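Chain lettering (A, B and C) follows the sequence in which the chains are written, and residue indices restart at 1 in each chain.
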Amino acid sequence: MADYNNTVLQTRKVLMKGNEAVGEAAIKAGCLCYFAYPITPQTETPEYLSRRMEEENRIFLQAESEIAAINMVFGASAAGARAMTSSSSPGISLKQEGISYIAGAQLPCVIINVVRGGPGLGNIEASQADYFQSTRGGGHGDYRCIVLAPNSVQECYDMTMNAFDLADYYRMPVIIQNDGIIGQLVESFEMHPYKPMFEKLPDKNWALTGCAGREPNVIRTLYMTPPDGLEQLNRKLDEKYKKIQAELRWSELFNCDKADLVIIAYGSTSRIAKSAIKKHNDNGRKVGLFRLKTLWPWPNVELVEIARKNKDAKFLVIEMSTGQMLEDVLLSLMDIVPKKDILFYGMGGGWNPTPDMIYEKIAEVLAE
Amino acid sequence: MLQTGSRYGKVVWRLSKNRMAKKAQINFEKCKGCDLCIDVCPKAAIHKSGISNKKGYDYIEIDLDQCNGCGACYIICPDCCFTIVETAGSAR
Amino acid sequence: MNIVKTQPKSITTESTKYCPGCGHGIVLRLIGEVIDELGIREKMILTAPVGCAVILYDYLFCDIIECAHGRAPAVGTAIKRVHPDKFVLIYQGDGDLAAIGTAEIIHAANRGENMSVIFVNNAIYGMTGGQMAPTTLIGQKTTTSPFGRTIKGMGKPIRVCELLTTLEETKYLERTSIHSVRNINKTKAAIRKVFQNQLNGIGFSLVEILSMCPVGWKVSPKEAVQFIEEQLINYFPLGVYKDTE
């Protein structure tokens, strides 16, 4: 088995691309297996890891398709290894059946989605139009994945590292929902040693390792007959997801105290918006930013608190889509904020706003 | 003489001499009546019983006088219904 | 009284859900016998297909994973890479291997993964009620080729052993059948060879087993045996297609 000792024992500042930081975080977190397929704009990740996994004596395999790759992750995870795959929107669509199997079998794994324009072949610009796909299941059946949304190369590194721990702790897939801008972004960040999130992770006594000295382990998702029926599995999953919803909501507030307008955004949109917001702040306007860090579980509690504290505030959801996260905002605020005060600014198809565009839009909203 | 051999019932057969003889035994509750064994038996020792087992299949029975314990039935049976046993002497 | 021959210990003593006369039952017993003889049950991990054999986890006493349709070779590849010292068995039917999973089997074979593949070819989709498979014969009537399979529009049946011989990293490919005692014995020898190759580190080894599906073919088990003898074997010749040590 591979040597999981940290290759970097001290923190140092490094200049790296988002797609590569994701790879290095996986190495540090002890990812044993990485299976992928080239697709823009995430191809740097398999290229980076094809070299690094070899150096660290891990297992790298460029699979014949994204479908094969996710099924390899399924197998490696079932065998007890930390496993990861990465792709971009069309490839993630291919993986949906596999992800459903992994979720149903309660196996841990990490999936990186560097979202690009869609639907169909789309384009290679950044987009946020896979929000529904990642947070509403994506594949068939009643399941969820934990979805983390980095907005910097630092977060690409930190969140990917966390993802392995979360996956093992909760026994489910964790998706890093990147976008084409963050994946391609080159920034300096603190490359620190592996920081475990939990003191202790559950034992993988369900793993397939050969049944010497124990009863055979079976990894399955087909449950045809009661009493070991499918309903039992779904209840178990539902309880797990409710627990996660209660304890894992991550978000970040910027200037939300006494705000007249709160921007809600995540990923690269949140950074672009922040530039515009700061400019408005400098001009004395009370605009704040509510940034999502987990897309699932959705930080509804935190958003509702902001709405309660700023009774007359308006909310502007900015997404690189035609309105997906918007629905979660509407759901969270529906009895608290009048619908006319929840606004949307965005477009699909690889529309990437500039700070000026957002500045103008905010000005327009404040003027009404 | 046609007799039924059963894993759960008493096994009774007559041997011409006191020596080790191999015979097939059938667990007829597992038999699905596929009849594949009937055609492979070199001694034509297997026949339909005309009786249904608990699953409702018309199971087979073995003519132990004819059976030489060759194991062809064991080999073709998809359901592991047969056991080949070896026994000494005449038994009553 | 001593027992000369009884069923292998690695498989269930309960009745299987396989139909009367189904070939899967014979293959299951042969696998059980070889596992017992080689003593590999405790180091074995089986990747099960979607199809009638999806319920293998009720019949075989080893670590098992239920794979998505067609993906067993990919799942097995990963398991073998994580646990190279364990024995990985890939078990697939003709829909799993030759339709939806064509990419996965070809690439696992091409990469020369040191795994053993048992390919049960009964020229039909049994589990879903008897639809046409990639290995269904020309003229054969199924629920999705009710007038008989035609070359025009449906193509000819795929010969998997022949197809895989072109991949240089495949080490052992044999086609056998289980419609008669003599052929079942040959199949057992082939299964043993395919298993032993993995244990000896030889490489990708596959046995394609022509098998009966009386219910799918809408014939009696005896007629099913005849169908293999008179028709399937003509199109899918038995024999060793590759044997590299």
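We take it that contacts are C-beta pairs under 8 Å (C-beta built on N, C-alpha and C of every residue); 3 or more make two chains touch, one makes a residue touch a chain.
Quantities reported herein were computed from a predicted structural model and do not represent experimental measurements.
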Check your understanding: In terms of CA centres, which chain lies closest to the overall middle?
Key -> C
Exercise for review: Could you quickly compare A-C and B-C and let me know which has more C-beta contacts?
Suggested key: A-C
Practice item. Would you mind pulling out the distance in Å between where the CA atoms of subunit A average out and where those of subunit B do? Key: 63
Check your understanding: Any idea how many Å lie between the Cα centroids of subunit A and subunit C?
Key -> 40
Check your understanding: Distance-wise, how many Å sit between the C-alpha centres of subunit B and subunit C, to the nearest whole number?
Key -> 29
Point to revise | Parts of subunit C lying in touch with subunit B, wherever the complex brings them together | key: 1-7, 11, 13, 15-16, 18-26, 28-29, 180-181, 184-185, 214, 220-222, 225
Study note, to complete from the structure: Listed in rising order, the residues of subunit B that touch subunit C in the complex are 22, 30, 32-36, 39-40, 55, 57, 69, 71-72, 74-80, 82-87
Review point. In the complex of these two chains, what residues of subunit A are touching subunit C?
Key: 32-33, 35, 59, 61, 63-65, 67-69, 71-76, 78-81, 83, 97-98, 101, 208-213, 216-222
Review point. Can you list the subunit C residues touching subunit A in their complex?
Key: 41-45, 47, 54, 57, 61-68, 71, 74-79, 81-83, 86-87, 103-104, 106-107
